[in-house]
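Two complexes, one shared chain (chain A), two partners (chain B, chain C).
The block that comes next holds the complex of A and B.
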């Protein structure tokens, strides 16, 4: 049932795409697609390389060397996760503006007096976009790679050292090849985020497929055309997912090869340690501290200057209400999917589980269009039935009420909730279920008295992650929100599109602060592991 | 129509359970009298645990009927959910709920009772089992033996029709196991509980049950008392399950089996001249320095505390004989005389 709810939008997307006239496709294929295909591929390649390099280097830095501040760095390196791509783009547009703080300071240092005499290359470019996305998306690579370094390479690295390989050579010869599956998994996640992004690439002038979908739909109101591009995008995602699955198969293989044992980091001298600390702090400075500091100061000025507007409070209420409802639905559905998998393990449950969790890989724009198609049809049906039977028109019941947005959020984030709950349930031995049944509890009673209390932590964590992702999600919100409803993310997008960034700094800061919640959670989990 | 009787606590009729092409339980029938303690024994994968799970209802049979206290709980057109069966189950890992105290764990199964009655029943059971001092602890604060007793108390509290135990002592240290087992079984005997217990340990099976059911590949090999199975096995499989026999090949002729070690008189219903094998228990062979039927030479000896094991090479025999003796031989003794107690010898036709 849940799987069907997820599958419907994909089917709708397909049907809609077929409806487009052949000429339209021709037009798309000759005008828009070549540019955006090339742009998308360059962007993916660039972000992939940047995030892989930063993520792997940082993971090696904090596992292989011991220096003051390493423990803090271990979790602080996750902080850029809190910054959505559109916020970093928006922040750096201002920070690096020719008359912004950074360039002014550089000019002052070098003794130039006007922007005309000296300016940095414009951030509003493909390289700028690649770098900025890389600096916020590298934690996706950093996280699994660090775990891989920590748990798996230890014995083999010791073996390599006794065979006479120097510490430096080990990274290239042993550690990196072993961690390759983890790097691949991380990169594919980072690339899915890249494909989802609509704000950053648009602000920075990169015309990706995602941006094309958005403009084709909004500015040209061409739904079939947008669906066609969306299908193309979905194809790229499927390729990415297959790549990730393939990488993971090897990860499982290597995980069974040896037992876990602590990795002994090398103590380094203080000057070198300081250098390593600086190196480790760089991505945090660029990916998190810079934008956070900038947003805090401009938000502070804004509040001092204009106070907290009632608009802002409205947005806060909208954002949180939508996210809370979506989180509740997502967790409920996730529980159903994960529990069905436990109660009746078998091909049907496991397939529906896999299917239901597919949505995470699909970019928000694709999900939005699919959901819109399905619900528009449902709206028409309900409206027609209501007119036929009662003579009243219900209008756009689903789309107008925000149900569409909740649907899209649920579809997109179901994987997070189902995965988290599933992992929590997996830690409960099956004999507890049977014991409970034999002591007189029904399956529902067992869920209530045994599973829910025992997986409380997993449920909370999953709920928090879904909540934060709902708050951060821009494209789906932008496309599906009911009329006149603004959330933090859409307000920010609107202001940025108009070039009036400062107005939205408070909203951006709020998103950033909420985004830090799971990072704090992750850092605490990481600490209790040892 | 199935005849209903009061005499049996449990009746299993031709029950099957398949996993893909293999039958984990292939048409087993078994009747258990009230108050009887049954030991299901067999090597891992023989289907004994599956049979237990079918009785409990946490697994569904593909065919056959199961009657509990005269009522059909599983059959072609009926399947009673496990929560409605009133069957007690002690799991191998005890399956104590980690978020509940010992008392709450026991109260968990007493939903049918009102609050006061449930609490009275709980204190009655824990008093009986001797765990009153553990009542407010959580499972992770208990030792293995204590967890086992809590699991037993929890299973017995709702007064089940039958108590099922899946390898209930296998998680305990060897030193603790014998004592816990003796206490548990004597308590169950006093309470008159009907029990089916699964084990893979032959010694445990022989000592624990009123009746032993030996299983192999989803089928019952032999049922009977411990004495029956150990002393009078019907098949070579049953014989070798409970004892590490010496096997000596021979030929059946005129009421005796002729082997390289001499003739053994055995009445067998097989044609004259058929190849047969003599099964001799290691403890049925005695060795001494100068008193015995034939000569042997000690090849190796290993000391096990309660007994000593010798490998004794005998003329005309390919493999040396395994001998277990409680009598000590001086360490320098090498050549010995060997004799065999004829009444402890079994014979089966060779395949």
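The block that comes next holds the complex of A and C.
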């Protein structure tokens, strides 16, 4: 039911797509499709590898080793989450531009006077795009993987250690295989985030399928054609997710029912500890501190130059209110979908699960169009019923109201909550469910007394991701929001569209700050848990 | 948090969800793909003189789809867009209605409005050449962009951007698709970097030594040089000189920002009044001053920064004809791999 509600926009998309667009595929197949397919695949591979490597390494670093600063690293490693892809692209384009600070210093050191004599390769390239996206998307891998490492039973690790296996070998042979579901979920989230990104890849000149969708729709005014490409994209995602699930089809790990103690991190003293700290700081510096510093400087310049816009407070309320409501809805729906999958594992549940989580990978505007179609139908139905029964027209209840936005957010981010919760539930042994049901608990009771308490960490983590994503969300917000309502993201986009980038930096900084709040909150929850 | 704050935020959240259907008689609702802040001074002035409140929502892609799906209940009165092609799209999707207004017809030259009155240009911008300040260059033809002597020296935003497809469509209008393809292949071969970024990046990249010339819109020069974009952009703006390029047998390619009255406008009369206000001398002056655009009304002054480029000679091909070649232009961009 929930899956159906969320899948409706995809159906809407499908209806759009079958309106046909003769000649489009021939044109695409001979020109742009091969290139954008290859580009999309290279980008996905690259971002997948970069985010998996950084995410897993960092998760292991802060779980397996104890060194000065580790506690701070644990939550600080999440900070790049707060940086939207379009912001990191813009920030680094500026920082690394020939007239930007980095190259200016290099030129000064080398004694060149003009960028015409010496400059570094342009960041506007595929490798640039892969690295930048990887450095802001790795927390999607880091977060679930760390939770997985933390809750892995010490027994297995201890057993491995008694067998005289080194830390490194434990990582490769025990911890990593056990954490694989979490890494997989994280990487697939990072990849979906990559797929629905338009801003960064367009900015950095990488032609992905997503960019083709926009071109087909906007420049060639061919919405059916764009919907067809969008569906192709969704197919790729389904294939990706299915492949991953198939690859670990025979693996089912769950913790034993006894309460486990987490394994003891290895104490590392300086100077080696210092080295580990530096290693841990690198992704934070690149993925967060760099852009944050850049934004703070330009925001400060702007505030000195033009003062603070009075709309910021309103926008803050809008942004947070929408994000909070949407997060609550998304988590509730995600729980339903993931739990149904656990209660009645089977083709229907698992397909509805997959279907329901597709919205995440679709470009936001395309999802928004789907949402529009669905809500317009709902509005017409309600309106017609009201006219028939009461003789009053209700007009548009859903479109152009906050409800449309909440629906769109839920639709888009269900993958995060369902995926995270699913991974969390998977760790709880089925024997616990059976015991609880034998003792007379209903499924709902089991959920409340067994699953919820045991998957609290996973729930919180999922909630955090959804919240931050809602705050950053741009395309659907832009298309569906009511008159006179602005959020930080739409404000930022508006300023960027106007070209007043420095004013935009104030809004961008605000997004960063709001995004940091739950990160810090989560770190405190995580601590009191232990 | 005290009770007052709670009450206020509850109210704000509630208003977020209820504001949709609350359109009352004396208000005009604008859906715009042009950032609303740019036209806000104009709307404020209108509200001040007429007492009519104006609500806006800035939508980027999908404005037409939103109005279309909202259907008969749509609260939109006026639809605004920044590209002639987008305005024609609105007409083709059937979300506009024709307007008969002597004031509008008198103020706006015939080639800058729909013959049937479905859309009206409100301001104009030219697709100009930014050149490195020390470059020995006095005049320029769009045709020269494909000249091998500029190899590795040209910067431009993505070929699929509407500003560029409009320019390419103009080229097709002059020489036909086959010639345009040759030209576009030549331009592609001359690019200093991947086509991408924004128009202002052209100036920035010239300052950064990446390229010598760039194609970009005229008003960005005003925004950069005036300091409205902050001190850094002044440097970008000062690093370039601006040349109004022409077609060999024509003039400079211009595009427009414009508006249409929505098909199901709840408030058509007021909407037309607002459009009429936007072409008044007062409003056209604000357009020129606030966003450095060319006014559409004959005789209205341009900003000194823009006027310094010299006399604008608008290209001979009509907007309607150019817009007709737009999809062809977009196909060519893919075909020659302009953005790859």
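Note that in this section the second predicted complex is superposed on the first by the 323 of 530 C-alpha atoms of A that agree within 3 Å, B and C clash if a C-alpha of one lies under 4 Å from a C-alpha of the other, contacts with A are read in each partner's own complex, and residues count from 1 in each chain.
Heads up, the rule we're going with is that a contact is a pair of C-beta atoms (placed from the backbone, for glycine too) under 8 Å apart; a residue touches a chain by one contact, two chains touch by 3 or more.
Given the structure is predicted, the values throughout are model-derived calculations rather than measurements.
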Report for A:438: first if it touches chain B alone, second if chain C alone, otherwise both or neither. first
With both structures fitted on chain A, tell me whether chain B or chain C touches more of chain A's residues. C
Quick check on the superposed pair: does A:273 touch chain B, chain C, both, or neither? Answer first, second, both or neither. neither
Is A:69 contacted by the first partner chain B, the second partner chain C, both or neither? neither
For A:124, using the defined touch cut-off, is the partner it touches chain B, chain C, both, or neither? Pick first, second, both or neither. second
Can A:484 be said to touch chain B (first), chain C (second), both, or neither? second
After superposition on the shared chain, which partner residues are touched by A:493: those of chain B (first), chain C (second), both, or neither? second
For A:314 in the superposed arrangement: first (chain B), second (chain C), both or neither? second
For the complex, which residues does chain A have touching chain B? 429, 431-432, 434-442, 445, 449-450, 453-454
Okay, in this complex, where on chain C does chain A touch? 9, 12-13, 16-21, 23, 29, 35-38, 55-62, 65-66, 69-71, 73-75, 89, 92, 158, 160-162, 165, 193-198, 200, 204-205, 207-210, 220, 223, 228-231, 235, 326-327, 330-331, 334-335, 337, 339-340
Chain A to chain C touching residues, read off their complex: 27-28, 31-32, 35, 93, 97-99, 114-117, 119, 122, 124-125, 202-205, 207, 214-215, 217-221, 223, 298, 301-302, 305, 314, 317-318, 321-322, 365, 368-369, 372-373, 375-376, 379-380, 383, 393-397, 399-403, 475, 478-485, 490, 493-495, 497-502
Contacts from chain B onto chain A in the complex sit at residues 53, 56-58, 81-89, 91-93, 95, 97-99, 108-109, 111-112, 154-155, 158
